[in-house]
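For reference, the structure I am asking about is given below.
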Amino acid sequence: MTHVLEARNLTRDYHIPGSLFKKAKTVHAVKGVSFSVDQGKTLAIVGESGCGKSTLARIVTMIDPATSGDMLIDGNKVDIAKERLTPEMRQKVQIVFQNPYGTLNPRKKIGEILTEPLIINTNMKADDRRDKAMAMLKKVGLEEKHYGRYPHMFSGGQRQRVAIARALMLNPRLLVLDEPVSALDLSVQAQVLNLLADLQDEFQLTYVFISHDLSVVRYIADDVMVMYYGEAVEYGSREEVFSDPKHNYTKTLFAATPRADVESIKARLARKNAA
Amino acid sequence: MAVAEIKTTKPQTGFAEFWFYFSRNKGAVMGLVFFLIILFVAVFAAFVAPHSPSVQNRDVLLLPPGWTQGGQWTYLLGTDAVGRDILSRLIYGARFSLFIGLVVVTLSVISGVLVGLIAGYFRGRTDTIIMRVMDIILAFPSLLLALVLVAVLGPGLVNAMIAISLVNLPHFVRLTRAAVMSERTKDYVIASRVAGAGTMRLMFLTILPNCLAPLIVQATLAFSAAILDAAALGFLGMGAQPPTPEWGTMLAEAREFIQRAWWVVTFPGVAILVTVIAINLMGDGLRDALDPKLKRS
Amino acid sequence: MSLFEIENLVVEFQTAAGPFRAVDGVSMKVNAGEVLAIVGESGSGKSVSMLAAMGLLPWTAKVTADKLLFNGIDLLGLSPSDRRKIVGKDIAMIFQEPVASLNPCFTVGFQIEEVLRIHLGLDKKARRARAIELFDLVGIPNPAERLGHFPHQMSGGQCQRVMIAIALSCNPKLLIADEPTTALDVTIQKQILDLLMRLQAEHGMGLIIITHNMGVVAETADRVIVQYKGRKIEEADVLSLFESPKSEYTRALLSALPDNATGDRLPTIAEFLSDDQIFAGAVR
């Protein structure tokens, strides 16, 4: 079965031109990353700032080209540096961003934001577009009355729902989610994660889920890839990575994540009383 | 599926929220009131003005204002050297000033925004070339440049307006370019790109509406600056030509009367002063109301 | 006598939509040497209550309280100049965005020496020596060299260490940390939290940590206060809170943690709790 997404040795270099005072520099943001994702599954990419995960997200979403390496979507090679994206390919991958407060155009109503992808890519009539947008709005848990409102009237969690709805308007095969719940409160995070799980079941979506929060990753991922300074230092199924991490960085990451369970608290209090 | 959480504060409509912040600035509200009065007077000049602005009455040459000795109440602000009522001329002159402000601002904004959009969106060499041209325009003292342009094109109100628009161009280009550059990298623009939006749609439908707030403020201030510049050009004889009752031209004609008939010089000057202050106060209030960083909560 | 005591704190803001109560009758006590965590989601008023206590809110905020005592001194009744003698010296605060909290125009050395000059009145040599000592204390390598660096030349974690050094420079009795690690990476977060706990134990300070991260609470707090929309919902020692939370809101918060997930879906608060129910279930 063809993978929905397959990456072979992707690299991305940024060339910073030199000036009178500085030498030219090349930043290797992504260094030879390979992975694949099957339909209906979630690949979680974990790493801290500067590890290249957002750069990788942009490559997968076909916003920026890779410097070298191959990327295949549904078995077709994609290289936006060489040829323009066809509308069919453009629709296959969509993205949801981290910051709910910058992700929606402040000057457009929710309905306009949702129908925009349809206006650009299809010949649907205005009524059909409105119906589809309304249906998607309800599917993400919002109501009809929200259709004509502006983004600033919504909370962070609601905006993220609209962003998810927008990403799904074109029926993509793959959804890239760049830290979609990091900026949300705990209770709202739970709602959005539930929504994502339901949508994945209903539409058989494939997710590439980027996060730095290991507890979220452990909850939703099927496969996990850990990135460090542009390289994939760990790659395997969720069970493998969490029960038996092989790379030192992965172990450090696990050790550093704060644990919110009763046993750890008891142990800490015991240590404190002994001291 | 869980119902989405509801926001606690009730949402305010755009205009009500805008008016709340605008009305906090008493100066701005006063400026707005004055401006509306001037607008009303200009539009209904035919009904408001007591006399015709161009009729010369040889019997009442250089009449002092109505409340002074020797003045007549029908000629409230006095008359000029050829017997025309100054108040009526000022009222009709308001039309010219507002017209000048409107035309100059429209020209500057449309061309400035277009050029700024292109510079800010495409960056690279296009941006560099455009900004260097703007720098050249900015390097000249604005009035001097306008004078030179009018001298080249020939004196007259229309040419004065074109000259002033060109001199104002760099300000709008810079403003638009800065706003475009800052909006361009935001997530919602990338989201539109990922949805397949092309360059035109991104520039005009996605980015431009979000750059309007500083533009509106600058346009308001440019309005008053245009009135001042046109008055200056008129004073120098390069703008509106007599007998047009434009305030600056009235000042030019009255130069020789500063000593013996102060009212011929003072009232056009006061008219310019009051209009410009009113519009600037309004512009300040607009900036405070539209700038989200200055918002109260 | 407790080190820091608030009773019935109310903070109201004037907004375009009418007065807004960010903090509605919150009370708490912190003793010397104790770590109190204030946990809540956004809009719970946790940061606002601490800023109000320090007098750091803008003039549009109205602050009232039955009691607002630090070491027995009434903070509400103080004149601004008297308050300035205490805030920054005996009460210190560190904030969420370390790079933004430092003045970008001045070196970090200048900023820490400024605090020493104003509060302790030390001369130039003594200031420099103390600054190097403090940078050493917070674990900044090459402290003498670092004094001449600007905030934008340093990473987030290092800037946060500088902030902690500035906060500790006058040996405060109480340190308030407002989401000190939220903007930092996980590995750096652990280092900063360990540093804070070590310094707290060494100096015997009272420490208030404001956070929305239950993991941070579990790893640092002695006692915990849970806030929701400006009101206190529950207060307990950390073990009791996690083992047997008494209010429904706290139970809902803990069950929403992905680590505690049972089954495919995470239980969400809106599914079974309204605002009124949350407030009614408050355990003061």
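For this structure, a couple of remarks:
The first chain written gets the first letter, and so on, giving A, B and C; residue counts start at 1 in each chain.
Note that contacts are C-beta pairs under 8 Å (C-beta built on N, C-alpha and C of every residue); 3 or more make two chains touch, one makes a residue touch a chain.
The shown structure was predicted, so the numbers you read here are calculated from the model rather than taken from an experiment.
Taken as a contact graph, the chains are fully connected, with every chain touching every other chain. Each chain's centre was taken as the mean of its CA atoms, and the one lying most distant from chain C is B. Across A-B and B-C, it is A-B that has more C-beta pairs touching. Rounded to a whole number, the gap between the C-alpha centres of chain A and chain C is 31 angstrom.
Look at where the CA atoms of chain B average out and do the same for chain C: the two points lie 49 Å apart. Within chain B, residues 2-5 each touch two or more of the remaining chains.
Annotation for chain C: residues 268, 270 touch two or more other chains.
Of all residues in chain A, those that touch two or more other chains are 187-188, 191, 194. Put simply, chain A touches chain B in their complex at residues 61-63, 87, 90-91, 93-95, 97, 99, 102-108, 116-117, 120-121, 141-143, 149-150, 153-155, 157-158, 161, 163, 166, 169-170, 187-188, 191, 194-195, 198. The touching residues of chain B, when paired with chain C in their complex, are 2-5, 8-10, 12, 16-17, 20-21, 295-297. On the chain C side of its complex with chain B, the touching residues are 13-17, 20, 43, 60, 229, 268, 270-271. For chain A in complex with chain C, the touching residues are 48-49, 156, 185-191, 193-194, 197, 212, 214-216, 218-220, 252-253, 255-262, 264-266, 268-269, 275. Listed in rising order, the residues of chain B touching chain A in the complex are 1-5, 7, 11, 14, 186-188, 190-198, 201, 206, 209-210.
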